[in-house]
Amino acid sequence: MTRRVRLWILAVGGAGLAALLVAACLELPGFGGTSHPYGDRAVRASLARRTANTIASINFDQRAFDTLGEMSILFASVLGTVVLLRQTRDERRAKPEPAYVALPVRRYALIVLPVALLTGLYVIAHGQLSPGGGFQGGVVAATALHLLYLGADYRALERIRPVGLYEVGDALAASAYLVTGLAGLIGGAAFLANTLLPYGTFNTLSSGGTVPLLNAAIGMEVACAVVVLLARFLDQAVEIEQEGGT
Amino acid sequence: MNGWTVAATAALAGGVGATVWGVATGPLRRRVVAQNLSTSLACPSLLLLAQGYDRPSYVDPALVLALLGPVGTLVFARLLAEDLEKDPPKAPWLTYAASGFGAVVVLVLCVVGGPDRAMGKLLVTGALLVGGNLIASRALAGGIAGSRHG
Amino acid sequence: MDDPLIVVTLLLVAACATAAVAVRDPERQALVLAVLGTTLAVLFTVLQAPDVALSQLAVGSALTPLLLLLSVRKVRRRGRKKDKAR
Amino acid sequence: MSVLPYLVAVWIFLVGCYGIATSRNLIHAVGCLAVCQSATYVLLLAVGYRDGGTAPVFSDVKPGSRPVVDPVVQALALTDVVVGATVTALLLALVMQVSKRHGTVDPDELSELRG
């Protein structure tokens, strides 16, 4: 099939898809409408369980099983990346040369690193109160660690980042989520049901029953997953070389 | 709409719109500067929106943007260092202007909000934003030199 | 209530997405994608979804560009080696 | 106005598809896929918006004092943003493998190689 024929097929298919999608859009309830039956019920359920952030309540309580699915996708894609990017037999490791980094940039990286880590933890810990949660905070904390690569050099990052430990942490966090769910079963309710812990006082750190626990598990899982992913990518891009080349 | 959201709309339409144009066209040196400026203009807009909607908790996204936006620019400075070395960006005035805008917005919001816990968060955001943008533009202008495999 | 604001941010996102596709060099595309992440975050804030905005900022501003640029570097290094071997 | 956000989502999706289909570099195609993904977030959040509403996060407003937007779609979008990034990483890892095996990341050259 030549490029030209392919473009024609794309144009025809795209036009058909566009027509269907636009027709669908015209039938959707208008933007900004007042009818949100699911939303209203979710808000009521969240307030009944004293979780201030309704979105956290949906993610880790009302639809916790769905989040388990999302977490398994995350886990599987990290696993896939680790398998795909392992060092093969015809590759060797070359020591990367350190880059020159100007002093202000280096200082900035070293000052911001702890601030960013703290922000990540803050975002995770306040997940059930204010915007934030395990998914966002985990990424922020993991990105923070890589300031060492940006501001100093790759060797400095390697020293504080034993990848094996983070892989274990990833698996532990995933199983912690499962165990919290199973605990609901043992407690005589459904899997991942939020009946185990007292709901606490509205708008405090320990409110919401199992929501903070699952939130923390997801935070750890995401942080470890991102660190492992970036470790593999950095390995490939910076260190690993094909045999016989430079 | 109130004054705060009108100001945010203006900053977004004018400032961020211009950076979208800047990042999509032109030589690499212009694109990286536009990327850095998009952070320093979008972050004050987020702060203005938080004030306009009267929701202190909306400051969190601005805080994260002030933290990670410059980090993103450092990523580009580090991994595009070889290309940037040949053709370093020279636009200090734009960077100063954008940082000044951020500082003014943070100060105005601090004055309006009065001294409390939210003001601490605002000040941290402002410091990270202004410092981060100046450092990131320094890194782009040769602060990180390329090495073959670094 | 905030119609002009929503329209402006929507148009910004649409323009940025178009640019991200039109820019063919992956390194420059990574720059556009970083800006797209920021504009998306502003749009999400305007649509009253600060949680999603946080998520988008955490991922879009540093993580995605870093992944893309590292892949480009790996592929480039292999390409350069191949040219040398020829 | 009442359909503009949906139309923008459709536009972003179609533009991303066009980019994937005409891409000459697999890394660029992965970037276009990220653009397609963002279309779904725009659509979801547009569906959940309510005029004059605010976020259903009650750490700084009293419950019931202001109308709120739909939190369900927000929860869907927020998990997918992060999970989508790791899937992007998996795709990029596949691209690296392709480049190792075949020495090119141009889909046209790759389809020639197969024969």
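By letter and in written order, the chains are A, B, C and D; residue numbering begins at 1 in each of them.
Just so it is clear, a contact is a pair of C-beta atoms (placed from the backbone, for glycine too) under 8 Å apart; a residue touches a chain by one contact, two chains touch by 3 or more.
Predicted, not measured: the structure shown is a model, and the values here were computed from it.
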Starting from the defined contact criterion, work out which chains touch subunit C and subunit D both, please. A, B
Contact tally winner between B-C and A-C is B-C
Can you check how far apart subunit A and subunit D are, centre to centre, with Cα atoms defining each centre and the answer in Å? 15
Distance from subunit D to subunit B - Cα centre to Cα centre, in angstrom: 24
At least two partner chains per residue is the criterion; list those residues in subunit C. 1, 22, 30, 48, 50-51, 53-55, 58-59, 62-63, 66-67, 70-74, 78
Flagged in subunit D as touching 2+ other chains are 1, 4-5, 18, 46, 48-49, 51, 54-55, 57, 59-60, 68-69, 74-75, 78, 81-82, 85, 89, 92, 96, 100
Shared-contact residues (touching 2 or more other chains) in subunit B: 53, 55, 57-58, 60-61, 64, 68, 71, 75
Can the chain contact pattern be summarised as a line, a ring, a star, a complete graph, or none of these (other)? complete
Listed in rising order, subunit B residues that touch subunit C in their complex are 1, 5, 8-9, 12-13, 16-17, 19-20, 23-24, 28, 31-32, 34-35, 38-39, 42, 45-46, 49, 53, 55, 57-58, 60-61, 64-65, 68-69, 71-72, 75-76, 79-80, 83
In their shared complex, at which residues does subunit D touch subunit C? 1, 4-5, 8, 11-12, 15-16, 18-19, 23-25, 27-28, 30-32, 34-35, 38-39, 41-42, 45-46, 48-49, 51-55, 57, 68-69, 74-75, 77-78, 81-82, 84-85, 88-89, 92, 95-96, 99-100, 103, 105
Flag every residue of subunit D that touches subunit B in the complex, lowest number first. 54-55, 57, 59-61
Considering only the defined contacts, which subunit C positions touch subunit A in the complex? 50-51, 53-55, 58-59, 62-63, 66-67, 70-71, 73-74, 77-78, 81, 84-85
Mind listing the subunit A positions that touch subunit B in their complex? 94, 96-102, 104-105, 108-109, 112, 115-116, 119, 123, 130-132, 136, 140, 143, 147, 149-151, 153-154, 238
